[in-house]
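Read through the structure below, which is laid out as structure tokens, and then see the notes.
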Amino acid sequence: MLSIKGVSKHFGGLKALKEVSFNIDDNQIHGIIGPNGSGKTTLFNCITGLLDVTAGNIYLDDTEITGIPAHEISNLGIRRTFQQGKLVPSMTVVENVMSGIFDFSRNDIGDTFFRRPFSKSKKESELRAQAIEMLDLLGLSASADRWASDLVWAERQFVQIARAVVSKPKLLLLDEPASGMGHAETQEVGELIKKIKEMGITPVVVSHDMKMLMNVAEMVTVLNFGDNIFEGTPTEVQKDPGVLEAYLGAE
Amino acid sequence: MEILIAQIFNGLSIGSIYVLLVTGFNLLLLVAMIIHFSFPVVVVFSMYISWVVMTLTGSVTLGVVGGIASAIIVNMITAPMFQHIMKDRGSVDINATMVISMGMGMVITDILSHTFNQGFPIAFPDALTGNDQGALISVGLVSISRGQVLTLVIGVLFVAFLFWLLYKTRAGRAFRAIAEDPNGAKLVGIPLLKTGFQSYALTGILGGVTAVLMAVLLGSASAGLGDQLGHKVLAVSIIAGLGNLTGGLIIGLLLGILEAIIQGYLAGSWSNAIAFIVMLVVILAKPKGVFGSKL
Amino acid sequence: MAQNDSILKINNLSVAYGHVQALNDISLDVKRGEIVVLVGANGAGKTSIMETVLGANVPVSGDIEFKGMHIGGVPVDKNVRNGMFLVPEGRGVFSSMTVMDNLLLGAHHNLKNSTEKLELVFESFPVLGERRTQVAGTLSGGERQMLAIARALMSSPEMIMVDEPSIGLAPIIVNDIFEILVNLNKEGYSILLSEQNVYKALKIAHRGYVLETGKITKSGTAEELLNDEAVREAYLGA
Amino acid sequence: MSLTLFYYLAITAIYILMSWSIYIPYRVGQLHFMTVANMAVSAYFAALMAINFAWPFWLVLIAGTLLGALIGFLVSNAIGDAPCFAVVIVGFTFIYLTKTIIENVEAFGGPLGIFSIPKVLSASADNRTLLLIVAYALVLITGFLITRFDHSRLGRAASAIFIDRDLAVSFGVDVKKMGMFLQTWASAVGGMAGVMYSFIMRSVSPNHFTFHLIGICMTMLFVGGYTTMWGALLAAPILWGFPLILPEALQSWNIVIYGVLLIVVLVIKPEGIITRPMVKKIESLLSGKRKKV
């Protein structure tokens, strides 16, 4: 699905990523872990095109996506969520989810601006239906018409995920989806990630919640100081001495 | 050639006014995180107060004191307004401070155009400007007035003083720390609110001195002057890079010289427009400023 | 004073950021002359505890005592004056300012005797003395960490809180930093340390607390924790 | 219809259009004061074409609007995704430039401006009625298009850009294209307002297009509420109208009143008087009634 080949990212003298290479396979939940400051979010920003890589290449299936504008990468089927739970507070929940689908084409201009007065746009109704369906799936349909500014933290994360999933991407990058959540909510996130995989979307999860991550992930990549130091199944990761050293400083 | 030399000197003195204004603007931006677009309007307001005191009392000294005092007072009174919308710094759109500042500019400019001198431009007495004493130096076409020399000398001294204050004193260290990283500054125990107010007071003094220098150099003022200067100051600081003090110094002087040279060769109000076009080109070519933004 | 051997005592502290509960009913104490380490994964609440003690966050409920005084809701500058200082995560030195300026910022609340204090600091950290006029941004990671610790000393603290000093540092340099902390402790400074490098930290500490999503799940002496499976679990989830 | 009423209604329409022309690019967080320059350019263009070349009103209206759009489009190529401050400065530059040219070039009438722009219809009363109908038709059309925009995928994308550009990009929104589109549209509205202004006042002069105009439109937008288009629509007639009923001595202080109002609203209720939840509530009340019937 996605292959990362020798990607480096330098900020001035700081080397945030050093020749990171790994593959993300189709239809498999891929976890990325690493101590604080090991370059996980930087890696996401490089994949989604928000940052230009210093060196290296990234391929989605067989097309190279390094260097193309971020919004085009998104349209190729790579969506992400943000750690801070960014929503548009002045829109309702369902509008926030609808905003995840943005495939505006030339034909839509007529539909948007020059419909008959008082008539409803067919495409808008379709989008709303899709968004409601997505909210139903997450058990959030009761909140559809609430303002995003009124949501509590955990709900924001869920709405964010719904907004990314609703466009049916190939790859979904989840940046700390369980940050700031309690135990029960974290488990819900885990279940949700599994559900997303069943929909044919490949989730990639960065999380510091090891219990949840080790539970859902089928393959784990460990980053440390911008290097990828290990790759394997969760059980292998937990036994690997290099990983233990990175995390616990064991000798 | 002589015209060129004369105009360069003219440009340096008006440029030093721009530098003072831009420095005040940048200080407020860096330390208090507000885009005080109308800072020059406050300065023009102080010119008017100074003029009122001079005409009422007949004393130039009192006028100078009054002008400086009024700038400090206006800055301190308006500070809470800005502090209010900056209460949770970072989450508030910095544009909001710009819009509020524009509103302030509207109010002050309109008051100036209604009340003082029935809205007519004011003229400062010769005792302040020294225009009656003729040129200080005069060689051929080049003639340099007392006011020009005074502005340049005091302007340079004052900017030097500001740089000393910023780089060599305890308060300046705190200013720079907040400018670089407000949260980090808070963690080492610098009181953000108090330091913010100090920066308002400091820019107030700066504004007052600038007002007096402008009175000496220009000899007159009108209500619209503040708006015009406000736009130029914003443009200079964007071109230099928002918050870049050294950059503001260089671009401010260059703008003064550019305008003076255009004025030397072209009649009418073209100098404003041409200066803005030059700035427009620079902005489009280098959106982050020639010297890099410090924000 | 009943607890005159405790320099810091936290009782039932809870902290929230907006809707997010960051700390839940935390109780801990630091005795004079101790190194206490907070252990837990990212986001467990170590930084929140330190920032709340320092006064940068306002607690929802609970009580913080420093040297027997109640300091819940007291602003940072007063707490710094009272004798505590935080060495923030990621070092938090001002990279556009010189080493000298950074050190003097540590003594911002009290510049008396700052020349003598500077001399002492340069004696213990000769590297910083050599680079006093350099801009902090040009220092290496380890030197920055030293600068951040030296800046704390400039404030003449009684208790230093050190947040994740090992982040992004090579193992050899981490050893140096830990040695510095041990030496400071011998000189009489009480230290509250948070670390992800658990085993190294526990080896220099007297006592420790294990945090998981805003709660303390385990506490005890360093030796007890070193041999406890719960620590491993808090990190690797197994 | 009395002359006072005509001017009140007609100028209100102009202010609504101009406030909207600032609202449109502010959807993505840009204060695009360029539209005031567009208004001036198209107003002068209309005056010159109508006097010197006897172009008919309708042709001038269309050409003036397109002229605004063209200038706006060309400029937006450079500042489509620029930060707010840079956009503000570009706007000021164009206003200074326009003002300098119309003040100094003989053909544009200098500081006095251009007089005696022809009426559209020969009878004064008919002329006024026609202009009012056209002005409010333009308000209606523009308002209709803005509502359509706000209730569409484009509007949601713009709201996302306003909050955070990286966020919008992550849905696949082209930030620069969106900025260019909105700026071009706003400039077209500015040009349209300029042509109407020319024919309503029947004279144009440099003092009509000052920084006061920016201040007034900004007050209307921010006091009314910048999160919906309804704020400006409601605020324009009230803010423009109330100084007229004030005692004579207070009337000339309107700018001070605007400024104070702007500051007070921004400090107390930053999102303005009319907010999105309020509009939503009214909409659902209205549609609820329709369902019952």
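Order as written gives the chain letters A, B, C and D; numbering starts at 1 within each chain.
Heads up, the rule we're going with is that contacts are C-beta pairs under 8 Å (C-beta built on N, C-alpha and C of every residue); 3 or more make two chains touch, one makes a residue touch a chain.
Just so it is clear, the structure is predicted and the values come from calculations on it, not from any experiment.
Here the largest set of C-beta contact pairs joins the chains B-D. For chain A, the chain whose average C-alpha position is most distant is B. Centres computed as Cα averages put chain B at a distance of 31 Å from chain D.
Centre-to-centre spacing of chain C and chain D amounts to 56 Å, using the average Cα coordinate of each chain.
Work out the mean CA point of chain A and of chain D, and you get 40 Å between them. With centres defined as mean CA coordinates, chain B is found 48 Å away from chain A. Pairs of chains that satisfy the touch definition comprise A-C, A-D, B-C, B-D. Interface of chain A with chain D (complex): residues 48-50, 69-72, 74-75, 79-80, 82, 86-92, 95, 98-104, 108, 112-113, 115, 117, 121, 124, 127, 147, 163-164, 167. Residue ranges on chain B touching chain C, taken from their complex, read 170, 173-174, 176-177, 180-181, 184, 186-191.
Within the complex formed with chain D, the chain B residues making contact are 35, 81, 84-85, 93, 95-96, 98-100, 102-107, 109-111, 114, 227, 231, 234-235, 238, 242, 268-270, 272-273, 276-277, 279-280, 283-284, 287. On the chain D side of its complex with chain A, the touching residues are 144-145, 148-149, 151-154, 156-157, 159-160, 162-164, 166-167, 169-175, 227, 271, 275-277, 280. Partner chain B is touched in their complex by these residues of chain C: 51, 54, 56, 75-77, 79-81, 85-86, 88, 92, 94-97, 101, 104-106, 108-109, 111, 151, 155.
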